[in-house]
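To start, the structure itself, in structure tokens.
Each chain gets a letter, A, B, C and D, in the order it is written, and its residues are counted from 1.
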Amino acid sequence: MNLLRVKHLEKSFGGVSAISNLSFDLPKGIVFSVIGPNGAGKTTLFNMLCGFYTPDQGSIIFKKENAEQNKEVIYHSLHNMATHQIAACGISRSFQNLQIFFNMTALENVMVGCHLQSSSRFLPSLLRLPSVIKEEQRVKQQALNALAFCHLDHLANEMADSLAYGDLKRLEIARALASKPKLLMLDEPAAGLNDTETQQMSHLIRKICDSGVTVLLVEHNMELVMTSSDQILVLNFGHLLAQGTPDEIQNNPVVVKAYLGEDI
Amino acid sequence: MSDYILQFLISGITVGSIYALVGLGFTIIYNASDVVNFAQGEFVMIGAMSAVSFSIAGIPLIIAIIMAMMVTVLVGFALNQFAIKPAKGASVVTTIIITIGASIFLRGAALLIWGKDFYSLPAFSGEQPIHIAGATILPQNLWVMGISVLLVSAVLWFFKYTLLGKAILACSCNHTAAQMVGINVGKMMLLSYGLSAMLGALAGVLIVPITFSSYDAGIMLGLKGFSAAILGGIGNPIGAIVGGLLLGILESLGAGFISSGYKDAIAFAIILFVLFVRPSGLLGHEHQERV
Amino acid sequence: MRSKIATLLSITSLCCSIMISSQVYAGDTIKIGSFLAVTGGASFLGDPELKTLQMYIDKLNKEGGVLGKKIELVHYDTGGNPKKAVNFIKRLVKKDRVDVIIGGSTSGTTLAVAPLVKKFKIPMISLAGSIKIVEPTQKWLFKVPHTDRMAAAKVFADMQKRGFTKVALISGSGGFDKSGRTQSLALASKYNIQIVADESYGNKDTDMTAQLTKIRASDAQAILNFGFGKAPAIVTKNIKQLGIKLPIYQSHGVASKKYIELSGDAANGVRLPAAAIVVANELADNDIQKKVTMAYKTQYEAKYDQVSSFGAHAYDALMITLKAIKQAKGVDKKALRTAIERTQNYVGAGGIFNMSADDHMGLKEDSFKLLEIVDGRWQIVN
Amino acid sequence: MKRLSGFYLLSLVALILPQIFPDNYYLTVVGVFATLHIILAVGLNLLMGYCGQISLGHAAFFGLGAYSSAILTTRYQLDPWLAMISGMVLVFIIANLIARPILKLKGHYLAMATLGFGIIVHIIFVQTEALSGGPDGLGDIPTLSIAGWAVDSDIRWYYVTTISALGTILLSLNLIASRSGRAIRAVHGSEFAAQMMGINSNKTKVMVFVFAAVLASFAGSLFAYQQNFVSPDSFSFFFSIELVTMVVLGGMASTYGAVFGAILLTFLPELLIVFEDYEMLVYGAILMLVMIFMPQGLFISLGHQLTQLKKNYWPNKKPAGDQQ
């Protein structure tokens, strides 16, 4: 059953076509990786999925929450939605170059993640009504759980700008998880991590998937991709090269040629 | 009706070229150090006032002007050394407050040195108005326009074709990268403040015969120069000139055709409208936020 | 959390330290309070006023003060900002406990403090021009300078004599300029003069050719420019630049040598109303103001630069106050107020003052002299 | 409530002071201005410090509030409270109208747009003489009376403005420690990440801008009633710069920083009077020196020094409290 369907996606930046005629389906509940050489269009795809860029053509549709009562499955068409509306549908992401709220503590960063899970409005917050206080406690607990999930609860009260790089990477994931997404997009989570940290990241990704969150992973570290992905999509110059399980992709001649070049 | 427009345009261009010169001073400092220098108006005032003092002391005009430029350049160096340099890496708002503090400080100093009186210099070549097709223009206006064109092309040439100019531009793009290739960033910044101060002083000397100068004449000029730089797109020298001229013409047309009391309000309303349509100024480059 | 409490204490200690600061009680001296616009846009007014007050109070103290008591001047610079003026009035009355107030260089600052003067029941002599200060008459508020209405009347009378019926008006954005404009518009019809153009400019503007081009196109026979500071000088030069031959009238706001100096030879032919002080040495010897104006002029110019009519206002205010103190034999505020109100034929630098219960200024139109600038010097037009 | 301990201490001190120094000029006269400036600075701090949007035209809303109260009470004999509320409604509408286009701009361009707006409003105050009384201003504005208790003496005004200022500080503290407060700070941290968390960044920026504007209008009305006189000079672009300086000098993104900055910059000119001609020179020098050597602002830097000092004398494990 598909969570996300992409049909004939086109995107070019002034003549340079980043994505051309890309179509694929993303099934629910798996770790789905997108790989390809630099400039293949991975980040552009990511940015279109979360509304930072609007596609020139094609459509992206996403399954609505609990839409199955009547058999016909209803989808959102994402490509003309603003980022915050797309997030409300249950999509969240981490960023290649960290977009952490450095003016807040780690706990507060993750509490921002709970924005969609809470509802107190501007005026009640001003007057600090009892409903606001109750919700604050709930949100704080939810954030602590997300921090614990990513083994960061000991740094809860530290200012974000005093955390180590590895911790910041996991903080971003904890923040995304706190918004209880249906689809979590990870943009090179292992970049800049040493081996042990990459190992921890792989376990974390598997743990996230097991908790029912579909993961869309963009990563250059082949070892991480091959061990933790259920399905892989290979992009090259904006075209779909191949799609399949890790083993199929590993010995697919077209992929090998594109990646390792031909032996004469 | 038609000879109005010519007269409005002439006075608009005269005032506009002053705004353009001050705007250019803003751009040079912004290009070198990402700082919007709200004390730019004070450079103009100090240039004008010191030129007047030197000429009152009997020094011939040309030498008085050169000495005034040197005094203002020293003030520019001091501003860079003692105010901007120690505050390296401060946020946009903090540097704005620092330059505002500097402008108040310089105004206080001018108040002590020159008192509260108005000062003027005799026009460079007489006061005989010249008639062109119904409209009249003062020789001093021609001096202002002529020298502005000269200065502007000199600055553009400096940034485009000289190694030094490119070095300053390099500093503004990326301090660390510039240092890596051996550019002494400190010296470049000092030079840019000196250059901008010199420009300000020249603008001051050019306009003082027309507009007189007092210790607080720098405020309005600084404000209009900043508006010109923003209207044209901050950081772009040609933008500052286009912005300055446009602002001058808008003001005089607004005063001429709509209402002279709301002259400045009309000019600022149009600047707001331009910013809403083009969020980074007329010629400013629209940089794409990279995620 | 502890760091915040510690720093909050630093806020409160800052406040307390200021509170405890000096609550000084002066000895047995007469305290004159004053708040003038010595800096800022109106420094043109406040600077000579302050110098005059300080000069004469020092002189008087050397001669033994008044009623055997020394005079102490307590002055604050408002920079022309009404918000500061209100603050300083409260400071003068509550903290410095002054007996009488001379001040308000600008109409804005004077009108801002008028309600407080009434509340504190302390006599105040303003140095500002607007007629609103004395019309309707306020019990504790007096004014020395001529009103803008008198200036307009003097100008229109001369225009009528020269047969002008269509006049163009151009005025600045300051309080003095705007109220001058309102008075001129109101008064013009009385002299069957029609205002055919009504232009305005910002006091810090550097070019008024646009407005003057519109005036040149109108069928005006003369131009009246109500303003003070450097702007009127620019207007005068622009008029010459545009080759406009119409006679130019200015207000008493620019009755000073600096205006002539800035306008250069464009000023020749300009007529304006002014107090006698401006033309002290041109006055005829039998003119009763000759002695007073010459005395003040020589004293002032010995110590400072050229004399200005604004300094003369401060001189008159001070002399009226001292005369009232002598008459009231003390500084009881009520008696002092009545004494000031009863000032009769006091010959001052600004004119001959005859105050009364419903005229808290005491100057008539004749105290204005009409002057013309002839090759860089003042000449009295009779 | 441990979170508000600092607030209770400040209120206690602020309300006791007039009993200790009943007729002190600095307290009752300058103190009223300090508290009005606190309301303005705390509002502006939410916009500049927490939400990261610079505004060089905030005095315009202060002026609009003052002038609507002045005009409605003198020319239309409206009850002062009604005039104050309609002033705030008017500012609410105007702020909403201009906030959307203005807040799409960033950095220096936003500074220019707000500066331009402030100047336009100031020129309107000067030029519309029939309504606003022009440069000479508008006089005899009635004072406020709360259920018959006319607020006419300095002490009474001190209490009214101090309580309003404390109320504003409380609102700001509550807002920052809530969901909306975190959304505001997230927009400052990284607008992309905030949007990704479901925060409509434009709406949040507009909300803070409008809230700060309405607060400024409220302070403007109090100012008009307290002074019984308004004139354009009090709402010029110099005052906008002064407000920004209070926020930045006190310490960005800190409610108490704004309070500290407001108090300091209200008393500074009073203390500098002794310098007479040197006043402007010293004022400019102080601004520069503080901003150069304490870029985070006086309050936060002092706060760090005090905590550092405390750590050396009583080293204990507990980390620094969360950022208020």
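Descriptive notes on the structure:
Just so we're on the same page, a residue touches a chain if its C-beta (ideal position, glycine included) is under 8 Å from a C-beta of that chain, and two chains touch if they have at least 3 such contacts.
Computed from a prediction, not measured in an experiment: that's the story for all the values here.
The minimum number of touch steps separating subunit C from subunit D is 1. Within the contact network of the assembly, the step distance from subunit A to subunit C comes to 2. With centres taken as mean C-alpha coordinates, the chain found closest to the middle of all protein C-alpha atoms is D. Averaging Cα atoms per chain gives one point for each, and the point farthest from that of subunit A is the centre of C. If you average the Cα atoms of subunit A and of subunit D, the two centres end up 41 Å apart. If each chain is reduced to the centroid of its CA atoms, subunit B and subunit C end up 35 Å from each other. In whole angstrom, the spacing between the mean C-alpha positions of subunit A and subunit B is 49.
In terms of their C-alpha centroids, the spacing between subunit B and subunit D amounts to 32 Å. Within subunit D, residues 126-127, 192, 279-280 each touch two or more of the remaining chains. For subunit C, residues touching at least two other chains, in rising order: 39, 173.
Each of the following residues of subunit B touches two or more other chains: 111, 261, 264, 291.
Residue ranges of subunit D in contact with subunit B, taken from their complex: 48, 54, 101-102, 104-109, 111-113, 115-117, 119-120, 123-124, 126-127, 192, 237, 241, 244-245, 248-249, 252, 277-288, 291-293, 295.
Chain contact summary for the complex, subunit B toward subunit D: residues 36, 83, 86-87, 90-94, 96-98, 100-109, 111-112, 223, 226-227, 230, 234, 261-262, 264-265, 268-269, 271-272, 275-276, 279-281, 289, 291. Taken together, the subunit A residues at the contact with subunit D in this complex read 50-52, 82-84, 87-88, 92-93, 95, 99-105, 108, 111-113, 115-116, 118-122, 125-128, 132, 135-136, 139, 157-159, 175-176, 179. Interface of subunit D with subunit A (complex): residues 171, 174-175, 177-183, 185-186, 188-190, 192-201, 207, 211, 253, 319, 322-323. The part of subunit C that touches subunit B in the complex is made up of residues 38-41, 43-44, 47, 173, 199-202, 204-211, 213-214, 217, 229-230, 233-234, 237, 240-243, 258, 261-262, 264-266, 305.
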